[in-house]
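Multiple structures are listed underneath, in structure tokens.
Each of the next two complexes has chain A plus one other chain: chain B in the first, chain C in the second.
So, the complex of A and B:
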């Protein structure tokens, strides 16, 4: 009967998820394989992950550890690591202070001087003043907090620039330190402290781990809780993220800023005390250039310069990276000057990356998100009038009556109930009901909230609806809306979380009451659904909701945009219309072939939408758009499509043509029986669904402003049972 | 610029510009020091004072160019020091003086271009970019190029020596060079297209871009000009002591430069002040430093005093030229 649409029977468990021409060469097979792999997609999905930002610094740290374990002998020894951990603890404490200030939107360059000054003061107090060690340590911490408060009050209350202010206090504190050094430090050289607490600070160990490191861990834990769980921490983050918004929210910005600098001073003092106890070095050069090390570490750890972003763990990771890098270079006999130079270079690089990445991350992900692949089609069937093909254009839809013109927007699917009332979804997220002789009474039956794309009645006359962006919903005959499901089992091999339903599209109900429904794409939102067509990848799936258990599971994954779903007349299989592949799959749910998938029909001249049963044992298929030779060619050329997306604005891309369609009737054996066209496309341009009822065919369209009705002259006058599967009806009765 | 002249308000009240206030302060400090400090008001001391501050003045003129354009060059002393040291190191070989100086010039220009690129194109805030680039070039020079911390100028290099020690009509050469640099910079900033563009850039970078000024290339040019002027200062320093001690880069010279610029009235918000502000600032800092030296303060005490004054100047500048605290970017 038809030569253009070839029925195929493939009895493998699953046919390839693409159109396979009969004479495919090996080269073509390899090209397909090559294009299936989408590294760019992995990249885009990876960098869209929240955990990716701390993952990079962590990988860097691991890299540093691995490199020096191999390159530097004596690096990966217990002794070295333990001694490193004491140094690391001091650096990390200071880094934590810097991190808090950076998160609050400021910067503290005076950390090195505060560190040195507190080291000196505590040493002097312990050795010369005769104060008890505990008091000396307390006094040291107090002085650190005071120094921080000086910075903080200048920055917060006098509103000076944090960078320059702390750069200047750096030199003032250093000047004070130098004076102390000049006047007192010679006397400390001879003093010797014998005090258990001081001893504990210098050499104390718990299970072999230095006391300073344990203190660091405790401080990190407290810092984490304060920063991420407490009111103060949230205030600090808020002030750093947007000072104006924070003030409008009633946060006392100045006080929060002051506190962040006080934290910095306090932590510098703590680090300085450990340093004093460990080395007893009363030198004026302690902590010189430390601001560079600390700044590099913190930014490398992933705490953004722009404020409001960062955790204590990132500060620690950065500190560990820099500290181990320094230690490793030392073991490799590289001088401190080289280390400083490397640090400066790394700082420029890290700051540049931080700023550029922060600014362009979204754009980069967006640009790489769509990844075209090869989609091949057979020869385009001729639809022109007079061509004599099965799809020959006619004007049978021209005389269609219009229902609800101007009252509905985008009735993607239409359905009729047992009383003959017409239901359709609209763009506003409503379900409209038309009743009366000529469907003149329009009312809003239910307000769902998302665009309803698929409709079906279950055995209890509940209207089951696929809602774009929301999932599967049911509406009782009284108009009460109930959610059935909005998630499925997650595919664990995927980076992207696909457990949420993004684009539930069409459904049908099996004889046993299970609801099978399609999800067109798991990668794009409703507004961008057409991008899935530009991409052409198997992003969709078929799902099954079991009303008995309330569970949803994925039945077939990796389908190229499954759109229409329809239970066959015998109830043993489902037909799945795939939009971008222009073919129909048959999925067996019962019988000897249970679980198998085969290609039912392929190479339609247009993109398929819904599929429904006809009254005479055949099926109606809607074509929402027609293929064109140019776009077919573009679909074979993924590199071209990628260049197109990169080079020209989005509204000038080539898209699948979605402005003209038709209705096709196909037989159970996969033959095209008849077609219905509206050549001018004035009333029914895009056709996404049709429903046969009482000798009439009702027509809906995603972009149309009406529902169409046409009398089927050659069909028998029996009812199809309001679109509910006839088999389900029998099963229920 | 125009603000140099005292303006009379409609009410008949005399309104002084910041430079004039500073010059008044200098005059009064001068009188106080002359009366209280022994050995301040002597011809020798005053000439000394002028000579010693002229290299600081030249560096401050260099810094003024980028600060007017709402930038900052913390790598000024580092790039100047490294370039000068390398030039002198080359002079210790057979290389001719012009060639050695050209190499030095090349280094500062390259450094300026890198800074400008990082700031204009990579969009790193100037303070971060120049802080890191200064440390980077100093580190590179120390580890790779320079032989030691101190390079001595060979006695036969008369030109460089003259820059620091020469005398023309009884006036030390550094002072003359400072005056020449100041006049040239003043001409550049107030009479050339580039100069006006620099003011426009500092005043409102976005508006400058919208009117068609190529802001990014301009930024690169600004940092290159700063580097080139800075090199002159470095050579004067090297000439006056017959060598160059690169440890100066670690020291507080950059704070002195900042102090001169900010105190003189070149606001950090950009687009304000001019070369006369630098002259006023240099005079103030020169008198102050000289006074502190006569008071026998050590370096550390000087550092503390300078730091406090700079802090006060920064706070004051912020009061006089407030910026929007709430939308300000990190490192501005």
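So, the complex of A and C:
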């Protein structure tokens, strides 16, 4: 029996992604399981999606469809939906025109008049002028564009207000329409057009779907690409968002404005042509009051009246809602006057909800995004002086030499090259290099950006850097910066896109040249990394970049904040320090255990940061902060932490303590050998890394303004020189 | 040149698709109720009843006016509802509220629903033309009311609008033409210019006015059946032509606005206001000396006529689209002398009216 149990435990490829106490009860196991399911997280990540912005309008549209499918007989029939789609197409085209103008920061009240006028003109051309239908249609489009251009030039070049301008042109165009109606429409009334192209525009179908709707879909697709992917589209959005900023950016604002009105006119004309072909109604009434319906639709779709915000799909959603609402009410025999009232009610409801949604979405995400889980620790080791424990506090870091005081900000990691020059990253996104006997010459070696964290030299003396917010970069000995990778394969089961690297943290290079690096968390940005600690979920991962293929893949998913990464002395495994779990994992990349993960050491008294090889076959581990009984307790109580986050402001939360750390030396077999402390924390409070070189230990800190150095008195003399590259360089050498 | 060639090719291709892919509605199907004409003259009363009731019972009649909320359309709807429901039929009413596009939508949705009879009140002569054709192809009897479409359906019920135009024009000539001590100036306030009613009345008027060149039409404008518009147009016209002899508006509801404008200008004693239709407002306006005269066209019986024609169509066994019946309802002149006689005006509520 025992035999059958033991091998199974050995072959299990991965220990649980949490600290498991020796005497864990079934109840506790269930609690962990319950906390693993994080519905709140799903909601928060769903809400954060950009495509969730029009959620309310879309929900309303779905609601309208569902409601009328149930309430109105004959609504959810193929015939009705097909005939509705032809009617919808005309409205949606006009809505699209209005949307473009709104996005550009204007408004076009003359859409109804342009629509009516184009309808009339095309009908006159088709019935009375004797022009071929195709020419009449072309001319109709041209006239629409011209009408739009009139609006556009007045607004853009004469600098008139769009509202007044288009209000005036609404009346003028309508006046022209009335004139045409009076003089010509009686003659058009009795003419029947039997041209096939005209017929096609009126009743043509492609695979059963009305031609006008197909046209709408095509226009929507083109509109989407133009608006979201083309220079012109970006210019339109930019002008709408801030005209002054757009002008300063060198955008030709006038031309963009003119074009947006031309689009509006053109789309009104297209809609008018379809209307003309469908109904042949040369009436002055056509398009009367349409501007209100169209405005209602686009606002309902969520296109901002203040400009700079909106998509073609939103315009379509709005148009579809209004159109289907009207159709549904019609089918339910609700009178026309009720329709207006219902429309107004729906608009108030939708706009109100959308406003609330837009206003509170960010807040809701913020409130629910951090999603604490249970993190348990073993008994806190005693570190007090005189306690006699392995972690007993001492003053060995007091009197450490300071390098580059005030010249560096936040050297998370430090490293030395073959010439003994010291490199470190800074929060400005630079790599600093110190040279000279006492490192008195400081220079900016490279400017990468982001916040450079973990450092390592590859076989060709390129400095490989993990840059928070950017990814994995390499700097040649000449200081030339090259991106190695900034993305990995996406986890498709996660809502949140984790293909981009957010927080590349530390790296080491395997004997075969593959770069293994950790990403602390995929859910939080560098500025909020501490929130990952409040959450305590397995959000991090270990990745591997292969310089030969240039590909990056995720090696281990779902790790609780993997921080330090270090190749073992024999080059067969990697040690991974997990900050919030206060433990070190060993991941085998070679040998009989290849692929296996095991817990190397656990229950450190503090939160782990980088881990590096020592010259004597052991390892240096940095503790960036110490655990406290109070916070250990808080980590066991996710409900408490959630409540804390809800009830009190962020600066008063309990956080993992990050103000005092130490350096620990551990053996290959997982024993604590010695510790180095700076008790007052005057020079080295938070220690995030240390690097041994030539008998010295160099110390970095994420929040520090210097790099520290102490002489290691017990370091073996023979390791100096020969041992140095094996410490800082690759394990294989 | 090559470009043009390519375009032509594309055009040709589009046309081909149009021709092959184009479809305009379901195929026609003949009515399958046996056909009343097939019954022998000696058929038993019971059989006849069976046939008549069977052809109607459970079927749907639908009515799409241009808009409810006027005595005219309300009266029609009221009469039809009573008539159809008494015959055991269902009556469906769709109100586009004076919106052309919505009227087309309403008719389109009814075609999808396939009622047995569809009564339409055409906005203009074109807007429903194709849809009426579609409806008949789909097996629906279509009856048009008062305002005719370019596409003539099974039946038309309404005023003889051409004759109406002729009669009113003749009356105007009598009041304002040669031999009268007037300016001979006449203002015409049309409904929608493309409405069948407007077109026909204008045609009738033209045939009269062409023979009386002395009549000067100083203004012909479309107020689109809207009282405010008629008022605004007329208040301008009366300023330009203070010596106007007559103002002729094509509908009492609309023309009331014109009459008010003339009254406001202080000319209501000089300008004679002509109109047609005979809703309560006509009688009130005649009483108040706003209108000079109007023509009634027996609106209450139009509703019942439609029911009768629908019954006839349903029992005839003829397929939809195969009949062309026109039922012109009587025209009765109403003026300041006879407005207070019984049955002259309807109000959309009171029963008991026959012909006025």
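In this text, the second predicted complex is superposed on the first by the 405 of 733 C-alpha atoms of A that agree within 3 Å, B and C clash if a C-alpha of one lies under 4 Å from a C-alpha of the other, contacts with A are read in each partner's own complex, and residues count from 1 in each chain.
We adopt the following convention: a residue touches a chain if its C-beta (ideal position, glycine included) is under 8 Å from a C-beta of that chain, and two chains touch if they have at least 3 such contacts.
The structure presented is a predicted model; accordingly, all values stated were derived computationally and were not measured.
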{"item": "First, second, both or neither for A:205, with chain B first and chain C second", "value": "second"}
{"item": "Which of chain B and chain C A:337 touches, first, second, both or neither", "value": "both"}
{"item": "Which of chain B and chain C A:281 touches, first, second, both or neither", "value": "second"}
{"item": "Partner chain(s) touched by A:592 [first = chain B, second = chain C, both, neither]", "value": "neither"}
{"item": "Which of chain B and chain C A:306 touches, first, second, both or neither", "value": "first"}
{"item": "Chain B versus chain C as contact partner of A:186, first or second or both or neither", "value": "second"}
{"item": "Touching partner for A:178 - first (chain B), second (chain C), both, neither", "value": "both"}
{"item": "Residues of chain A at both interfaces, chain B in one complex, chain C in the other", "value": "178, 182, 335, 337, 340"}
{"item": "Residue ranges of chain A in contact with chain C within the complex", "value": "74, 77, 79-80, 83-84, 87, 90, 134, 178, 181-182, 185-186, 188-190, 192, 196-197, 199-200, 202-207, 275, 278-286, 326-327, 330-331, 333, 335-337, 339-340"}
{"item": "Parts of chain B lying in touch with chain A, wherever the complex brings them together", "value": "118, 122-125, 127-129, 131-133, 135-136, 139-140, 142-143, 252, 255, 258, 268, 298-301, 303-304, 306-308, 310-311, 314-315, 318, 322, 325-327, 329-332"}
{"item": "Chain B-touching residues of chain A, taken from the complex the two chains share", "value": "105, 107, 154, 158-161, 163-165, 168-169, 171-172, 174-176, 178-179, 182, 242-244, 247, 292, 305-307, 335, 337-338, 340-345, 347-348, 351-352, 355-356, 359"}
{"item": "Complex interface listing, chain C residues touching chain A", "value": "11, 14-15, 17-19, 21-24, 67-69, 92-102, 104-106, 108-109, 111-113, 123-127, 129-130, 150, 192-194, 198-199, 202, 220-222, 224"}
